[in-house]
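Structures given as structure tokens follow.
You will see chain A twice below: alongside chain B first, and alongside chain C after that.
Here is the complex of A and B:
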């Protein structure tokens, strides 16, 4: 197995986490209709709820420095069980990539290029991502700093430009709805953007960082991302009020409302640009992670030959994954949060527990030598 | 390396060749819709859907002063209509019956006929909100009569009447934001549990030779059905009660003279009193700031006395406007003031008790007003100039 060189700086790692989360703020329509005007609080609650799981991620990263998720699975569950679990993870990563690609295709197809067939949009986009992935992870993560700054600037500008439409009373009353809604919504937020951070377990070995300092970069990145999502959701609620529940893309409609002294109007194009940029980042990262997982699973020297064939599979997968947008929303609200829960929280936790029972990080050297002997 | 360069070349060529292949929309292939009018028909389930289409060539080709005569060849706009069961259906039949593609992005105004508004506009509003092409901040008005007739009325100063109507609404909304509504605001208000929404009414004024459009009063909706109207003074009362009136004047007519006061700004605060959940009292604290713009009469009066008188009379006038509006709305049982929503937001515990009986509670609300009037400025002169000269 080839060795990966540590090519990502801690700062890039931190901003990658932020950027990854920020790109999920575009999916507020999954949870906004459920928790309505309390959605911003839900994001905050979810970020606290997620902390134990993030701790599990960090513990795993610390316990197995220099190993990615596939290798950790092998080490913890043994060859066969580890491979099965890794294969399931590979499916999970590919599904995430396809889902995000479908989201992007859906948005561009419905809002910008109405008549262009979705397959064209999706194919062109995945080719771009494939290019980025073939150049390597550091190319993708290097953009994260720029993207976070860019998206934050746009966020600040749009908050300023829509401030004349904002009504703070839209937030009232706070938490006056059935607990069930809040819990369901929290579950969605914690699984769909936050838990997806599990993919960073895959790229961990490439981060040039001392295990001790991990938390110092992981958590600020996470909190910055969560804070940005909260801001986006809060801005949308302040402007749209209770109508936030009916829109498929609340942020898009919010930016349509921009009218700053009749000069700056219709800033929805900013949203479109932001969406495409952030999805580029997210899909590239997910794509990279899928490719890496695949190459490790099949013990290939390089993931590069896999890129184009996988891109083709992902295109088809993202086209057939849902019959329609409504089905997508339904699954995003009802099924995914529970299914993702397994991959994002239960499995890492299980891994950690088994590793603890088997006292694995200490035995690690023996395992490696045994593996080398058998290979 | 060679391959990647080749690829790059192909991509660059593609970028230039494939710009908008699918979504090409040149000016000469689209019909720009500037206004939409929806009317009811004889048939109870069918609507008449009319669109005003701007003829780009006619507008660009002509100089400013000339006016297109009627529906003649040179008119800058044309009307098209279709009768159908619903809005999308009508749009489709217009699309297929047309040499050009309907382009809705630049739609300026949506007008509903009064008869249709009384039947309910919810489903049509849904279609307009849902369509990817339509914009939410498009103002919408209710025609006092036939909506198509409004769109067909030619305005003296505007080539495209829909643009003119949109400007009229915007102008009117300078007095109070409440006088102009758009799809989003209207929908937001309809989604509040108990609130009723309002929309401006537009009317054709028949003058000797020409026709003129005028925005007077507000149509009051209960759910999605129009149930009544507020006349112009009543709608001012509405704006006063909500504390959202400015850039307008108030006329004070007393025995001693007449005064015009310009409203600089206003605000209001609502304080509900629940009386153990049986009855609701609402106290509104209203504040208004004024400048004097015109005084007539008021001879032999001291400045202080005059200001006192004006303040007193202004308070009375505002009280009259508000009460007239409030009584009308209580009779219609329409909570256009969002009192219910205010209580839901700020007193959620009380709201749960009131909500089931809101329809009984609202008409019985006892509204008390506390009006505070400040005259800030008298303009460049204080007392009116005594033009008759000093008579000792």
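Here is the complex of A and C:
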């Protein structure tokens, strides 16, 4: 099977990870009402808690160089079980795409285009993402560096512009929230933005670098993304304090306070533009990964003919995925951390353990050495 | 709305059919057909306001009410 493989540079890969995490700023509404003014600490704790699992991702890539998650599942679990697990992962990728698309539609529909039906916003957006996906991974990830730099500049400018509204006392006392809330928030953060990095197991083989050196770009990308999220959350807490729990979009409210010389006000439009750009990147990447998974699962040469009907499924799935925002928040806070834990941490770890029990990495290495010797 | 749906899916088929024929892969035809029919069915159910169960909320309810795993 020769599904086309685009190639990306290590730097594109690293900034794609950062951009992917940065685009999860909207998701602070899941954990901010629980951990309140300790949310910044929760992000830091979650980034440490995630490290063993990210290590498992890197080890999987090193053990099976040149193979993506679907191919690894086939190699480790066998043809039938591997296909079943890969089908479950495909559902997971499509669900993530639909959830993010629904979040975008909800945000744009409630904040910017109030009279436009959500279905129109979502459909137009997915068509744009479908176009990017049809052009390949290189196009999807090419501007990740620009997006990260742009979002960082906007972040620094807004911190400077709102510094007069900040109160360091809003952070005190530290660890005021009950331990149960801290644990719940840490679980949410570690699964909802951070654990979603499992999707990069699908594109790691396409990075133009030796598998041994992948960690040198994967981890810095993760740390940079985690740092930016921490800064965003800390800025929001410094300005909003305990009222952070009231707002659905704390960052949006924070930027309402930005004004330059009382002439340029309502800078929340910057947040909106940035979020749309970042969401475009995230949804395109998730869509690409879903298409790639589909093409490998069904052993097709190309995913391109499947883009449009899959986009149709993603749109309708995003419209039916949950009845209301309240339901989404309820699931995101209460059950999603456990559900996603299985896909993002448990399954990859299990794959790694079974691979080593069956000594598959050694067999892979021997097979590659034989090939090199015969060539 | 149903008319728009039919027009949209017809346009999709018009765009993709030449590529499918050119590829000459039976497997691709079957997979495309499966996804196309699934997408059309879901859209039809949605537009006719027939409730469609979301696998996401189904799984969430399974975790919460059957396995009792939730915060």
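To be clear about the criterion, the second predicted complex is superposed on the first by the 358 of 375 C-alpha atoms of A that agree within 3 Å, B and C clash if a C-alpha of one lies under 4 Å from a C-alpha of the other, contacts with A are read in each partner's own complex, and residues count from 1 in each chain.
One rule holds in what follows: a contact is a pair of C-beta atoms (placed from the backbone, for glycine too) under 8 Å apart; a residue touches a chain by one contact, two chains touch by 3 or more.
Note that the structure is predicted; figures quoted are calculated from it, not measured.
Peer 1: Just chain B (first), just chain C (second), both, or neither: which does A:95 touch?
Peer 2: After superposition on chain A, A:95 lies in contact with chain C alone.
Peer 1: Which of the two partners, first being chain B and second being chain C, lies in contact with A:78: first, second, both, or neither?
Peer 2: Touch status of A:78: no partner.
Peer 1: In the superposed arrangement, does chain B or chain C reach more residues of chain A?
Peer 2: More residues of chain A are touched by C.
Peer 1: Is A:52 contacted by the first partner chain B, the second partner chain C, both or neither?
Peer 2: neither
Peer 1: Once chain A of both complexes is superposed, is A:309 in touch with chain B (first), chain C (second), both, or neither?
Peer 2: Once the two structures are laid over each other on A, A:309 reaches chain C alone.
Peer 1: Jot down the residues of chain A that show up as touching in both complexes, chain B in one and chain C in the other.
Peer 2: The overlap between the chain B and chain C interfaces on chain A is empty, containing no residue.
Peer 1: Going by the contact rule at the top, pick out the chain A residues touching chain C in the complex.
Peer 2: So the residues of chain A in touch with chain C come to 91, 95, 98-99, 184, 187, 294, 298-302, 304-306, 308-310, 312-313, 316-317, 319-323, 327, 331, 333-339.
Peer 1: Under the stated contact criterion, what part of chain A meets chain B in this complex?
Peer 2: 110-111, 113-117, 120, 169, 172-173, 176, 240-243, 245-246, 253, 256-257, 259
Peer 1: Where on chain B is chain A touching in the complex?
Peer 2: Chain B residues touching chain A: 20-23, 129, 132, 135-137, 184, 187-188, 191-192, 344-346, 348.
Peer 1: Spell out the part of chain C that touches chain A in their complex, as residue ranges.
Peer 2: 8-9, 12, 15-16, 19-20, 23, 25, 27-28, 31-32, 35-36, 38-40, 42-43, 46, 52, 54-57, 59-60, 63-64, 69-71
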